[in-house]
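Look for chain A in each of the two complexes below; its partner is chain B in the first and chain C in the second.
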Partner chain A sequence: MTDLKPITALNGDSAAVDTIATLTIRENPDLALASVAARHGAGDTVAARLKDALSLSLLAPAHWAAAGDYAAIWLGPDQWMVNAEYGTHALLASDLKAIVGDAGSVTEQTDGWCCFDVEGEQLVAAFERLCALDFAQMQPGQANRTTIHHLGCLVVRTDAGASVFGPRSSARSLHHALIEAAYSVA
Partner chain B sequence: MTINRLKGGLVDHGAPLNFTFDGKTYQGLAGDTLASALLANGRRLMGRSFKYHRPRGVMTAGSEEPNALVELREGGRQEPNTRATTVELFDGLTANSQNRIGSLERDLMGVNDLFANFLSAGFYYKTFMWPRAFWEKIYEPIIRNAAGLGSVSFEDDPDLYDKGFLHCDLLVIGAGPAGLAAALTAGRAGARVILAEEDFLLGGRLLAETSGLEDQSGLGWVTQAQAELSAMDNVRIMPRTTVAGAYDHGIYGAVERVSDHLAVPEAGKPRQCFWRIYSKRALVCAGALERPIAFENNDRPGVMLAGATRAYANRWAVTPAQSVVVFANSDDGHKTAADLMAKGIEVPAIVDIRADAPALPGTEVLAGAQIIDTKGRLGVTSVTVRLANGQTRSIACGAVANSGGWNPNLGLTCHQRGRPTWNDHIHAFVPGADLPVGQLVAGAAAGQFSTHAALTTGAEQAVAALADLGITASVGDLPKAEDAPRAMTPFWHVKGAKRAWVDFQNDVTVKDVKLSHQEGFRAVEHLKRYTTLGMATDQGKTSNVTGLAVMAELTGKSIPETGTTIYRPPYVPVAMGTLAGRSVGKEFHPTRLTPSHKWAEEQGAVFVEVGNWLRAQWFPKAGETTWRDSVDREVTATRQSVGVCDVTTLGKIDVQGPDAAEFLNKLYINGFAKLAVGKVRYGVMLREDGIAYDDGTAARLAEDHFVVTTTTANAVLVYRNMEFARQCLFPGLDVQIISTTEAWAQYAVAGPNSRKLLQKIVDPEFDISNEAFPFMGCREITVCGGLRARLFRISFSGELAYEIAVPTRYGDALIRRLMAEGEEFNVTPYGTEALGVMRIEKGHAVGNELNGTTTAANLGMARMVSKKKDCIGNTLSERDGLNREGDYRLVGLKPKEAQKMIPAGAHMMSQTGSVDAASDQGYVTSACYSPSLESYIALGFLKDGANRMGETLRMVNPLEGTELLAEVVSAHFVDPEGGRLRD
Partner chain C sequence: MLINHPILGPRDAAEFTYLGDAALIDRPNWQADDAAEAFHDYLYLRDNPAGLHRELWFHEQGDRSWLVVTRNTLTHEITSVELARDVALARGRGKE
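The block that comes next holds the complex of A and B.
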């Protein structure tokens, strides 16, 4: 067990939480991420192996699914982003590689991203000001790539609200954009 | 005293609002615009004209207003050229007139009007010709000062502006009778509807008319419709929202004035929001704009459009004067007279150009008559009428309601170069067949001028639009409405007038149009440029068709043969702040912070922007007075012991798959197929034209797994090119790529003690001795008690060096640990400046050398190019022109006097020859002071450089008139044999 102490994407010792009127923006550092890309012709094999091992479904474009500790977001043709809690799955990438074997390429993505969970009544109004997605029509189980404040992001619709994945190095800028949108619609 | 306030209207007579205009305090009512409130207070004079500085008053009641432009608010919030007709009155509003010297009443620039004969259209093309030197310094500033609009405060705007994105099945633009009927029809069918209305109230002309609906009041139906629409979850009503542009794929730009009706926006709230609306279909219900008849001195304050005069009386309960003469060519003017008289306003006469004009009880109808002049210095006091029998009569009045017909509001229908067509029935242009894809038009915007036609076409077009989308809708019950024919006699201007205004905002008269014709500028686009007709902020909304009509008369062509100019977005002026949105100041672009940023801030690092990244440039220490002190220290300490630099910003791309090595072979000039697992290789990539564009390393972590690094600047470009190569050039290769730049915090640990430092943090089961982990090795390890990490033995500095990567969340902790563990070695953090100095000392190329013109051969890397394989750019790199004898080669340069700086960018000339382009021998790309050599040094490209070692050349900087002598040396100033790397 390393004695190095991690910090969050916002350079904090703990996750930042901001509540603005009805909206809550919560930094989520407890995420392990890994991309799984099927090798040529092996899409079905990768899907079957993850289904067998983790009960995890790899869904079609613009969708995501969860099973147990894991969730998988469609990322591109034959490519998904799998996530799980970091605390219990810090070695997610190597675990997944062990499952998919030569059928897929697995890449560590954990700290490539920051994640903010956004919840509250003004969710739709806030996202109208953040990105070009038709957020009002997005249902839990859907996810899509978009641009927020010039940053390439993933917006994942959840039962509670939405999770925004953005580039970790720009976490402060992304957080700023979320906060401003929240004030705008408060 | 509100001397011209009437009873009734849609203003709240119990809610007075105080405001100031030109420093004087007035009172208006809730529901007023600034224009209506000024009229209520008897203020007809609201501005000065653009060129002649003629007194001007309000002419319209909408966003087409050309005259009543004001500077709204003060300080950072001051906004010039704001149309008083669209400013919703609020308590405390401050407005000032503009484009004047002295008071509005006594504008000194009014003298321009005395010289009107010299200031006609195009005067500046013919005058101020000599002397030539005066053009830019004297004449232009004077002309620009004399002719102009409002001013800005030059203070920062304190308000926020949002951008947003909306989606709908049907965007209804305009909430008059057509728009409301359309929205109701679509809303009831369950479609997603956005109803955008420029005004702060829905209803359009229904709010301004007394005769729109037959079985109920216009306001009553509007209220009812709004209530029904508001109750629909699928309908979004957007008042105070102007759709300003129609773009490709059904996208519309719209400005919502979120807080303009407030003195100050609520904290955190935007003043305006610029919406991008993605519509499947759009229905333009933007109504029509009335056009004036041009007659002598038709621009005096008090001369207004008849429909506007009617709207002010009915909706805002104000009149410009207690006595109003109507000038008309249709029954529409009579409607204004009737409504004014019903409000108790005297209408001494209706001057109707039609010989068969009908009578109207309560006033005298002067059939077949024309207004031929007006009088009144700061506002009209009388009109001179030429009667049908040729006699003239003067009629005292305080205002003229001028009605020349209506033009469908075409702007949005023509934003994609659509050409309108002429309608002989209404004598106006109507939308043509080439509308933007997915757009339909209804109501007055389509030339359907009766209220009944507006309601029915609105509903019918909504049904048609939704049918395209597979949504079934039907025309429901609509209120009974007037459906009177709009008979009118086209009449554009009174013949014989000398100064009859066509374009009020840009001061273009009938005479100017004639001059344009006389000078040969007869094509419509030439007319526009020569006279500036239609080029003001109102884009000629009230003037274009009249101008065309006058030109058509002159040329003997019909109006449609004369043509129309191109309509372009935005439909109304949009503030720059609105277009910028939140991307202002330090949030102009997102910032990327390195994993060590927090720690570096604590150390007092000086940061530099590298793209979006903020990188530590150097780390000043107490007692250091210049950046050179810090940088020299960092370089020396690193070369003598050990230094640490955050190199996370270098691009990292994960390349996996059975064909990963073959894929890299196609990207790099050198081969990677035989690179052993656990090894790193330097590589150069070419553009397709054979020019080198990026360099970096590829580390082989497994047979089917590489990590490619790129330069910081080209991280995105290289990734994009790799993705293109993977998907389009080599789709048969089984390879997967993804960026991992952000996932790993990576530090260069360089210097003779770097291994010793790393050995203190690398877990003991990993042997990183020189034998076990030699130069250009790589492996996955753990550090600090089990933290997974990657270690690369590569060197940019030329020293024994490593790059160590850990998950980014541990980057902060790792730099602190390295500093703590390195105390015994006097470990020194170094920034990008020291990094740059050391790479120049070592002769490593960066962007300065990979500058878009250089080849691998120029860089001295010709031998790296593998002849056993092909790669992107390989073929074109073999062009003769890129392989000439004596071509540029990268060399080092040392000044003859060590303490003389060689300027980067200097050109190399022989010692005795002339200094000109023909004698140019090469150029300096990078330069620095080398603390290791205690001398300035430089890198540069020199013709036949490899064969000119030891030669002395002049480094010439013609821009600053300096030159110095320097010796050509190897680019590898430090450790040219590379022994330190391998120790």
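The block that comes next holds the complex of A and C.
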């Protein structure tokens, strides 16, 4: 039997945690992701099926919501990214496909992304340097896609701070950008 | 420069890419008798107005929606932003 060893997006055995002055940047490797796109004219059907099965609300543009084990981030018109803990929901994409049926298209996204949770006092100042979003105006529950250091990223405002989802193949570049911004506001 | 996205509000223009004249929405009917001539004009002839210009922009680093932006080519002032989907449907596209 091949002895496979799981690694995080930053090539570590365990999640990286960096604390720079008041800011903490924590890699989140335990994440299953799948995108759900409603077929033409089936947005309401997809939303109703996910609501019934998971109590998950597919919210208005630029928002996200959590329910139980799951959270859904608005990506674009009739399109959402659903996430859950990988440890308990490794089959997220096929589970979602069984729920939405022919009303939506589900795509496995787990290994395409990396995620960093950022929190601390200088959060707003750091994100003002990282991206062109009006981050100071973003409330917990809002989420936007934008560029951070030329990488297309999702910036999700949480109660604790912010989560950044970026392309996994550029995880080190995104991590570097976050660290750099943290030092510049420290 | 900011583009006032109809769904997301004002967003940095760097998140968008530019395609060109919004007249591209009005693709000719390929079955029409004058299709060859119509496609020649569609492909090669563009207005070059000094003033208001309707153009297609793509929110590539955002929600990936196509927009019709009305921009003044003399001042860069943007006077209106619509979802290209709504514009195309209003012009009877997508029903054929």
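Going forward, the second predicted complex is superposed on the first by the 183 of 186 C-alpha atoms of A that agree within 3 Å, B and C clash if a C-alpha of one lies under 4 Å from a C-alpha of the other, contacts with A are read in each partner's own complex, and residues count from 1 in each chain.
As a convention for this text, contacts are C-beta pairs under 8 Å (C-beta built on N, C-alpha and C of every residue); 3 or more make two chains touch, one makes a residue touch a chain.
The structure displayed is predicted, hence computed values, not measured ones.
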| item | value |
| --- | --- |
| Partner chain in contact with A:165 - chain B first, chain C second, else both or neither | neither |
| Which of chain B and chain C A:132 touches, first, second, both or neither | both |
| Partner chain(s) touched by A:11 [first = chain B, second = chain C, both, neither] | first |
| Which superposed partner A:116 touches (first chain B, second chain C, both, neither) | neither |
| Chain A residues touched by each partner, larger count belonging to chain B or chain C | B |
| First (chain B), second (chain C), both or neither touched by A:145 | second |
| Partner chain in contact with A:61 - chain B first, chain C second, else both or neither | second |
| Which of chain B and chain C A:80 touches, first, second, both or neither | neither |
| Footprint overlap on chain A, comparing chain B with chain C | 79, 132, 134 |
| Residues on chain A engaged by chain B in the complex (per definition of touch) | 1-9, 11, 29, 35, 37, 39-40, 79, 91, 102, 105-113, 128-129, 131-134, 136-137, 149-151, 167-174, 176-177, 180-181, 183-184, 186 |
| Residue ranges of chain A in contact with chain C within the complex | 61-62, 75-77, 79, 132, 134, 144-147, 152 |
| Interface residues, chain B side, partner chain A - complex | 160, 162-167, 267-270, 273, 276, 278, 582-583, 587, 589-594, 597-598, 612-613, 648, 654, 656-658, 704-705, 734, 736, 738-745, 782-788, 806-810, 812-814, 817 |
| Sites on chain C touched by chain A in the complex | 7-8, 10-12, 14-15, 60-65, 85 |
